[in-house]
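Look for subunit A in each of the two complexes below; its partner is subunit B in the first and subunit C in the second.
Moving on to the complex of A and B:
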């Protein structure tokens, strides 16, 4: 496994893609840290810290749309297929089930490394910018959380961390946020592999991830996470009803949906849903490896 | 192999294949493109499921990937930005059957220099084919399944490869070779099977 991951990481095109997306990420991150409203608030509200930046970055859905998803989609062809020695490695697994576990294990390993990579970049940029590795919650977090609880969506937030997160230690919150994202990426990778196996084309695996990201982005940016409909059964003045359709997208696997969402319930939802989806897609992959034909090149049109 | 059939989306790729293959023999499979040679090899390897029929290995039904086999199927597989030795080291790391000495031996067997650091992507077609042969022979397998093993090799390398394949036969291995060209394999094979449209035609003994 280690040798195979090393071989993929050393692939020139993999490195070029990762460098490109890392540059995009660093530029976006620098823009975030330099537009730091905390300093401009005029109050003694505390300082931004590296761990807060980490939480903010991995809770900010725009980062996922513009950087994380884009980078992961670009890397899918390298992650889901052993483009060069697929049949040789498969046969050396000596059984279909072991080959399936190897393929699943490779995606899990890459997804973990992917998140770790951006965590490290965030810590590096945050460390250089803020020089503050404190693990304490600064005062402005308390102010923000109270304003969110009182005013809901109309609150202007300094940073993108959900309501109720301040009740828990910062390390726990950061750890859970990164764990949830990792599980989300594992699901996307497993789904890409399953679709690639079934359709015989790697680009279909990329396509399904693009589709899910696009739907999540559309629901978030253009529908504000809800589907609005007219419920004639409700009293006059209150007939407009909402369905939180963002819950059915991949958004909860990576972030909360609304600023006013409670941290821990949504974290539980995201992690449990992510694990379930990983188990289902993993089972689909194992089934395909048991029943299907293996080691084929990508099919022509 | 008993009554092996392989059908994909209603198209029959293999039809009623019945073969008895023994260790210590070399069997050739000759046919045009699309005759079913590669599909047959993939079914034997276990990479493709057979639609019906059974494959018995030493009397036991094979239901999974074939064990202890070296192979070349379709195109040679290699990581282009690594050297030949590094490619074999990566392959050898899975089962840990072949050590560094064995890697050097098989590379030299097919005329490749183990200390050459040149990336395989820069090799000629013939050198890539030699690497593919090295990969197939690396773990001293009981069975060798070789699809067009002599393609792109120069005359001297063809002779050397033939010599190595005959040595494996003398050592009691089972060797299956596929080719478009009967003259490539007639001097090697104990039996040659002709394939057409997924059928194995009645065998013609080589000698």
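Moving on to the complex of A and C:
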């Protein structure tokens, strides 16, 4: 496994992609940390800390849309399918099932490394900018959490930390947020691999991830997480009705849906749903490996 | 008259090839279908509300508590549109450059017409087709919003109600018709100016895509790189402007560059168009400077054999 990862990481195109996306991430992060709201909130009632920036970054869906998903989609052709590596793996494993486990393991390893890489970059930028590695919750977070609990959606939040997160230690919250994201990326990688295997085209694997990300982005950012409809059967004064459709998108695998959502129930939902989806997709890959054609060149060209 | 085999005649041939390709019109179709879905989702509620509850207590209550629930953000201001716009410029023709290199077709043309003609015809065609694709998409969205929704006889009565002053100013009303596209453009003249902005911006991304396509075999990289370069460049310039201080002259000058998305968000203005033209000239200069390196990349093997 280490050799395979090393072989992929040594590819110049992989390095160029990773450098490009890291640059994009760093400038986006600088934009965030230089944001007036974050700075002013820190100056008034406590300082912004590195761990808070980490939680904010990995709980901010726009960040996923503009950086993390873009980077992951870019890397899919390198980490999901490589005909040469696949043939080598088949020869070495000498069994289809072992090769399938190897392919799944490769995606899991890359997803973990992908998240770790951005966690390290966040710590680096946050450390240089804030010089504060304290693990305590700053005072302004208490204020924000109270306002969120009391006023819900109408609260203007400076930092994307869900309601109720303040009840837990910062390390646990940051760890769970990163764990959820990792599981989310593993699912996206496995799904891309499954679609690539079935259709024989890597671009379809990328396409499915782009499609899921676009749907989640549209539902979250433009439909405000809900589908609104007029229900004539409802009592007078209450005709406007909502269906909360964001739960059916990939949003809960990475963040909460609304800023007023409780931290722990959504975290539990995100992690469990993520693991279930990974298991289902993984089973699909195993089944394909058992029966399908392997080691073929990509049919994109 | 264009001389047979000249760069101009090859450019004309490339433009015709790109314009008649499945990829060009496929992208126009896909973008239109995506926005048909978005707009349908957006207009369901106001239409349901009108046809099921017009004049009732709920109609009044709902209109007081919230301006009629519909498109509040013009298509051109949507994050999805802004993020994916650079793809439009690149996808028009830059991919063909890689295809031709991979299947060896380019070497036949180079042998017949020379590398200089091949390079410049493909480079400029990528830019022009990027611009044309962006304009084609704008026209498609215009027809979709103005004729498909704004003048659709199926819900004409509902629209007349929503467009009355009862529903407040333009900024908070339901955006039927052309207002869905952009809040600020209600006139054909503005849309025409918007086409100029779209053409220039599409052209810029097309040229950028061609530069990358000439030196890279990774198709995904070529398609994604203009978006990453734009986002990174804008973010980087913003970060640099912070070093000068937010209100300094340098920061204000840099702001014109890192707000380049303004050229297509709301149809842009003269200044944004001038900046895009400056960047297009910069791309052409980079292209000129790269030519000798690209020759080595393409013909390195042959030169060594000779």
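In this section, the second predicted complex is superposed on the first by the 289 of 301 C-alpha atoms of A that agree within 3 Å, B and C clash if a C-alpha of one lies under 4 Å from a C-alpha of the other, contacts with A are read in each partner's own complex, and residues count from 1 in each chain.
The definition used in the following text is that a residue touches a chain if its C-beta (ideal position, glycine included) is under 8 Å from a C-beta of that chain, and two chains touch if they have at least 3 such contacts.
Quick caveat, the model's predicted, so the values are computed rather than measured.
Asker: Answer with first, second, both or neither: which of subunit B and subunit C does A:27 touch in the superposed model?
Answerer: A:27: touches subunit C, not subunit B.
Asker: After lining up the shared chain so the two structures overlap, which partner does A:218 touch, if you call subunit B first and subunit C second: first, second, both or neither?
Answerer: In the superposition, A:218 touches subunit C alone.
Asker: Please determine whether it is subunit B or subunit C that touches the greater number of subunit A residues.
Answerer: Of subunit B and subunit C, C contacts more residues of subunit A.
Asker: Under the stated touch criterion, which partner chain does A:17 make contact with: subunit B (first), subunit C (second), both, or neither?
Answerer: second
Asker: Does subunit B (first) or subunit C (second) touch A:74, or do both, or does neither?
Answerer: Touch status of A:74: second partner only.
Asker: Go through the superposed model and pick first if A:242 touches only subunit B, second if only subunit C, both, or neither.
Answerer: After superposition on chain A, A:242 lies in contact with neither partner.
Asker: Just to be sure I read the superposition right, which of the two partners does A:3 touch: subunit B = first, subunit C = second, or both, or neither?
Answerer: first
Asker: Who does A:99 touch here: subunit B (first), subunit C (second), both, or neither?
Answerer: In the superposition, A:99 touches subunit B alone.
Asker: Residue overlap on subunit A between the subunit B contact set and the subunit C contact set?
Answerer: In subunit A, nothing is touched by subunit B and also by subunit C.
Asker: Subunit A touches which residues of subunit C in the complex?
Answerer: Within the complex, subunit C touches subunit A at residues 38, 41-42, 44-45, 48-49, 52-53, 57-58, 61-62, 69, 73, 78-80, 83, 102-103, 216-221, 224-225, 227-229, 231-232, 234-236, 238-239, 242.
Asker: For the complex, which residues does subunit A have touching subunit C?
Answerer: Against subunit C, subunit A makes touches at 13, 16-17, 20-21, 23-24, 27-28, 30-31, 34, 62, 65-66, 70, 73-74, 76-77, 206, 214, 217-218, 221-223, 227-230, 232, 236-240, 300-301.
Asker: Can you check the complex and tell me which residues of subunit A touch subunit B?
Answerer: These residues of subunit A touch subunit B: 3-4, 7, 10-12, 84-96, 99, 291-295, 297.
Asker: Write out the stretch or stretches of subunit B touching subunit A in their complex.
Answerer: Residues in contact with subunit A: 8, 42, 45-49, 64-67, 69, 71, 73-74, 77-82, 87, 89-91, 93-95, 135.
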